[in-house]
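Chain IDs A, B, C, D, E and F follow the sequence of writing; residue 1 opens each chain.
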Amino acid sequence: MATENKKAELTDLEQFRLDHGLALKEEPQLTTLNLGPTHPATHGIFQNILQMDGEKIMDAVPTIGYIHRAFEKIAERRPFYQITPLTDRMNYCSSPINNMGYHMTVEKLLGITIPKRAQYIRVIMMELARISDHLICNSILGVDSGAFTGFLYVMQEREHIYDIYEEVCGARLTTNMGRIGGMERDLSPKALHLIDEFLKRFPKVWAEFEKMLTRNRIFIDRTTDVGAISAERALSYGFTGPNLRATGVDYDVRVMNPYSSYEDFEFEIPVGSKGDTYDRFLVRNEEVWQSLKIIEQAYKNLPEGSYHADAPHYYLPPKQEVYRNMEALIYHFKIVMGEIDAPVGEVYHSVEGGNGELGFYLVSDGGRTPYRLHFRRPCFIYYQAYTEMIKGGQLADAILTLSSLNVIAGELDA
Amino acid sequence: MTENLFYFLTSLTLLSALMVVISKNPVHSVLFLIITFFTISGHYILLNAQFLAAVNIIVYAGAIMVLFLFVIMFLNMGKNAENAVKTSVISKIAGTLAGGLLFVVMIAALKDAAIVGYNPETYNSQVGMVENLGKVLFTQYLLPFELASVLFLVAMVGAVMLGKKETGEQHF
Amino acid sequence: MELTNENVLGKIISEFGEENIWDALNPDGIMTITTNRESIHELIKYLRDDEELQISFLTTMCGIHFPDHKDKEMCMMYQLHSLRHNYRIRIKVFMPASDPVMPTMTDLYATANWMEREAFDFYGFIFTGHPNLTRILNIEEMEYHPMLKQYPLEDQTREDKINTYFGR
Amino acid sequence: MEPLSNRSKKVQKREMTFTERAYLPAIAQGLGITLKHFFKKKATVQYPEQTRERSDVWRGLHVLKRDENGAERCTACGLCAVACPAEAITMTAGERKAGEEHLYREEKYAVTYEVNMLRCIFCGLCEEACPKAAIFLQDDKLAPARYERDEFIYGKDRLVEPLKTTETK
Amino acid sequence: MESVDLLYKAIYILAIFGITLLIATYSTYFERKIAAFIQDRVGPNRAGPAGLLQPLADAGKLFFKEDFIPNKASKALFILGPGIAMLVATMSSAVVPFGDKLIIGGHEINLIAIDVNIGVLYVFGVVSLGVYGLMVGGWASNNKFSLLGAIRAASQNISYELAMGLSLIAVLMLSGTLSLREIAEQQSGFNWNIWYQPLGFIIFLVCAFAECNRTPFDLPESEAELIGGYHTEYGSMKLGMYLFAEYINIFVASAVMATLYFGAYNFPFMEDLRAAISDPVLANNVVTIVGLVAMFTKIFLFIFFFMWVRWTLPRFRYDQLMKLGWQILIPLAILNIMLTGGGILLKEYLF
Amino acid sequence: MSDNNDIKLVEAPDGISGAGFFATSFEKVIGLARKHSLWPLPFATSCCGIEYMATMGANYDISRFGSERPSFSPRQADILMVMGTIAKKMGPVVKQVYEQMAEPRWVIAVGACASSGGIFDTYSVLQGIDRIVPVDVYVPGCPPRPEQILDGLMRVQDLAENESLRRRNSPEYQALLASYNIK
């Protein structure tokens, strides 16, 4: 049927080809281009073998696993509290979210509820992490489209976020922040001061960054309709987070299944319409503003109270107690040796990570280590849609799509 | 001095023109063709026709040959075209015959043609300058000039028509 | 309809029968049911297409290895989510280690493709009908499935480590 | 798809106006921003000469602390080695002999104590695990870069806090 | 031509050549410094005082780096590529009038290397050849990224040459000559072409960016897409020559723009200055030297502008670049020609 | 294999080693030039790559050392900065990149993962890149602070400054490369 219809609309050239026994369309001569694993635009590490017709991508075969580190296997051999440093290294752009998502999972297993203050501190830290994640993603999008400078402007702000992390936990990137049962220390006056300053300074910088790119026609042309994906396909691919929201689905774990007192805060879920690169850029931009709003609320209404749960079986006693108190010393030894009495069971807990629903599926057989810990890593899940998203586009589009997806290799490969 | 330069340029022209035909690699052919254009521009300069020399370089070497090279590089992208072309013995013989015949025809045609020289005394050395060229073009040769421009326009329209893809397909 | 564990379970059992759905648990607020591999594909398809349930988002899937459970060594876990009703459900399928064969879900969910490849890579599950069941994270030449409990975690080529120091 | 919650907000995505289509105004605006930064105070901290301030809780290079009398606090209980996710700490314990009370605080002490700085991930779990407050991650020192792999095994000679000069002799 | 004149000319040509190289060398330094300042950094400051020896360090390193020719590359062409790029780039500054005439010991020295009557066409022709360096090098590398870069360079240069030529024609219509020196002379004082040709200047500026492969038109070497584009496979001094050629091109483009639109060595109140000095020879020399300074100031401002833009804008995509060239710039340039023609006719009709 | 690191030539005092015989001021000048123009190839795979971004950023500014031009093409790079975990799958790629680099070339292993495998003592991770390519400078930390990365860069600068022009032709260096199976 279709072929007959087509026949009627043959152009002269096609008629000529048909008459002379030639193929209706000239087969394009494809070039194979190896994008990665050391290509500058692959940031982390993955390989794409592209079939190109000139500058147009006809097909792509992705290869991943170049930094597969066997997180899930390590997690089966380490006591619960030693897994936190592993989660740091999954999505290293927003480690605190990973840390705290994991902590919440274990707390769910152990049945601990943590005080409001600790929850609020967690919210502040997680939102800061989200900001720094989106900062990197959006500014890298700028770098890959050729505008390097905006990246360095927002990078300075990221340093300020790192200063806050440093004040809270003592590290910049791989934070190992918080403990099972709360935070490791209360917010110091300096940390509060830094957060306050950040809230004052950051909006200006971010507005400036937006001004540099958002309405620049070169940038709009580069990103509009590039790497678009429909909501149906995105859901089928298991997209979550900003990439799903860019297609117009307002799914956000923070709203759907509030954790850590997210129900206390007023914020909106930015959604896009077409799911293209420009939408993803705008959604992330807007999410940064929303995160700022959340931090502001949490900072203003920070409740009094303890920064950790009263759970002596799981939360390390304060050092001073250990020196003096025999009971505390015993708990201390038991916790460090990993001999806590984890109940048998399985839990799934998910948080809204920088890139989407970051889920932890934990099976415990009552031993000192998790029996099985599976990470639902958003990057792993949506990177497989990349092939579909870049087909028919150009090489330059593929690179921008990759940046705007914000695929973090550490999370992708686990 | 000028004479030596002339002979040097001429031999270079012939040599590179020959290499255009002989070279197996099409890219090398194109590069030799560019050298040929250069030497021809050199001849123009010797004739004090700097405008022609510059235009020759801009149009031929700077634009047309770049396109040639462009196309050849594009087609060459996959594999080496050198081995792809196989000439059979018959085609070689046919080629030789055709070339020889052309040569005979040219000799026959040029045998009686008179070579018009210029008298050094009355020759105006400024004849190749832009102003003179422009004057001649827009007075004496106005009709051919305008016809040529129409021809170019037609060619351009044709190229656009041919180059236009079917609707819906985006290429580049 | 408000989705609760009871009425979802009731719907599923009335559709598939007691013999195919068993062990309904609720360990962490998410209903966990066990089924067999004959009905898993149909079950997930039913959950996806049913107008009332709309459990049409495959959150994650992963393998688990229980070497001590006789004939139920291998477990495949699917976790689904209904975005419309914000309802999650977990489905498990157990099978013997000698026969880790499962039907593929790639025709239902695009995301299942890599997840199944990962499960194959880690545990050696065979997904019948999968378009490209090859290793995804590890190198092609690897001879075993590293997440099985019997294989060691550590790099076997490392020589600068003295095991006696570590009480693990 | 109809919204799942009532909190969604469409990101603004308006058509380009004519001035935006003309490239130049947006370019001029961008140029303005960069020019403003051209004359701004520079953020750079020139590292070897100046150092950026670090927080008091920064997890830097390890140190084995002494107590107020100059005796080593470490009692070689091994908790830090167990707590280390990177397996970077090794130690052998020894009994304190008579006459060494001024050297070691407890009856057991670490004969050797090695931290492999290349393996260490500076997570701070050892500091947290230590019941004797012996091992600390200092905030004012960073592990330096070196040429050889062997140089990164920090033994007691480099880990133990040096005695204060007034107290020795 | 007398031998003394020849000697002066030789000295002048050498000087121009040296200055070109020097400016190209230090352009790298300024590029890095300007980038740093725009980005709130301080930039190179360890090599020599304030990092002033940085370009020399780079050159020294590049010279003594292992010279490498990839196995599969076409060897002769691989070497030829950067050579062409460098040669063509250095050739083009020959017809640019950097200053008016200088009178030394009764000899008049025109501060222009070759005064040909088709100077504009010369620059145009030489610049159009520059793309061969990139194409040949990119093709000879036998690397797909290089080839893509070469192809992008070729199509981009051809497309933008057209618009550039068309915008130039308007200037030629105004001045009625092809000689750069005469064009410069006509703009004496503050009578610069930019006042008559603002649209033409913008078109020319955009095309100059494209011809120099500078952001936002740096597609042939766009790092994020093609790693290094045509020079991906080049290392050591061959790479150095490509980078060098790029900066020389910027310098020449700046010089040509200054000559065509910003009055070359002319500066406001030039005649007042000339009149103020009684000795005509001295007056001429002073004015020429101030003019020389003015010329170089203009050139440096343009070079700064090139760099400023580079560190601000994102780059185009290939098809958008083509669209801009063919569908926007060329029609605009034709419009500009028509306006200019109309203006000239109107002027003749009125006066 | 790790023993081979001992062969690394730290050309300490001038005039004592064999090359010192030829040590001229020219050599010193080239050494200085190389020192101030070390173009890195940032082989960033994971977390340390993000800290490298911070090192490039305004607050630390690696450009002060003349090293801000990242050369993603190995032909143009002088130092290979391996940042982040190198899995066994990635190993051959690192080696290939190293082989493609032109002499003189240096390697910095930034961070615990690249230097020793760090926390990831697993079946899939290479326990330090010095198993496949010779490493000149190790930078500890997980990830190192930008200060430490700059520190590592300065160590390489010291190496570059004091290296004789002939070192890359010396039999010791050839033996070092041969021990890694690099032609």
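Annotations for the structure displayed:
Throughout what follows, a residue touches a chain if its C-beta (ideal position, glycine included) is under 8 Å from a C-beta of that chain, and two chains touch if they have at least 3 such contacts.
Since the structure is predicted, the reported quantities are computational estimates derived from the model, not experimental observations.
Greatest centre-to-centre distance from chain A is found for B, with centres as Cα means.
The greatest centre-to-centre gap from chain F, using C-alpha centroids, is found for B. If you average the CA atoms of chain B and of chain C, the two centres end up 71 Å from each other. Computed from the mean C-alpha positions, the centre of chain B lies at a distance of 53 Å from the centre of chain F. Distance between chain A and chain F, defined via averaged C-alpha coordinates, is recorded as 31 Å. If you average the Cα atoms of chain C and of chain E, the two centres end up 64 Å apart.
Of all residues in chain C, those touching 2 or more other chains are 83, 86, 137-139, 146, 153, 161, listed in ascending order.
Shared interface positions of chain B, i.e. residues touching 2 or more other chains, are given as 74, 77, 170, 172. Looking at chain A, one finds that residues 31, 39-40, 55, 65, 68, 70, 73-74, 85-86, 149, 152-153, 156, 174, 212, 216, 218, 249, 251, 256, 413 touch two or more other chains. Of all the residues in chain A, the ones that touch chain E in their complex are 31-34, 39-41, 55, 142-149, 152-153, 156, 212-213, 216, 218-219, 221-222, 394-397, 399. Of all residues in chain D, only 42-48, 51-52, 85-87, 116-123, 142-149, 152 touch chain F in the complex they form. Chain D makes touch with chain E in their complex at residues 24, 27, 30-31, 33-35, 37-38, 40, 42-44, 46. Residues of chain E touching chain A in their complex: 35, 38-41, 144-145, 148, 215-216, 218, 222-227, 311-320. Listed in rising order, the residues of chain A touching chain F in the complex are 37-40, 43-45, 65-70, 73-74, 85-86, 88-89, 92-93, 136, 152-153, 155-156, 158-159, 162, 172-174, 409-410, 413.
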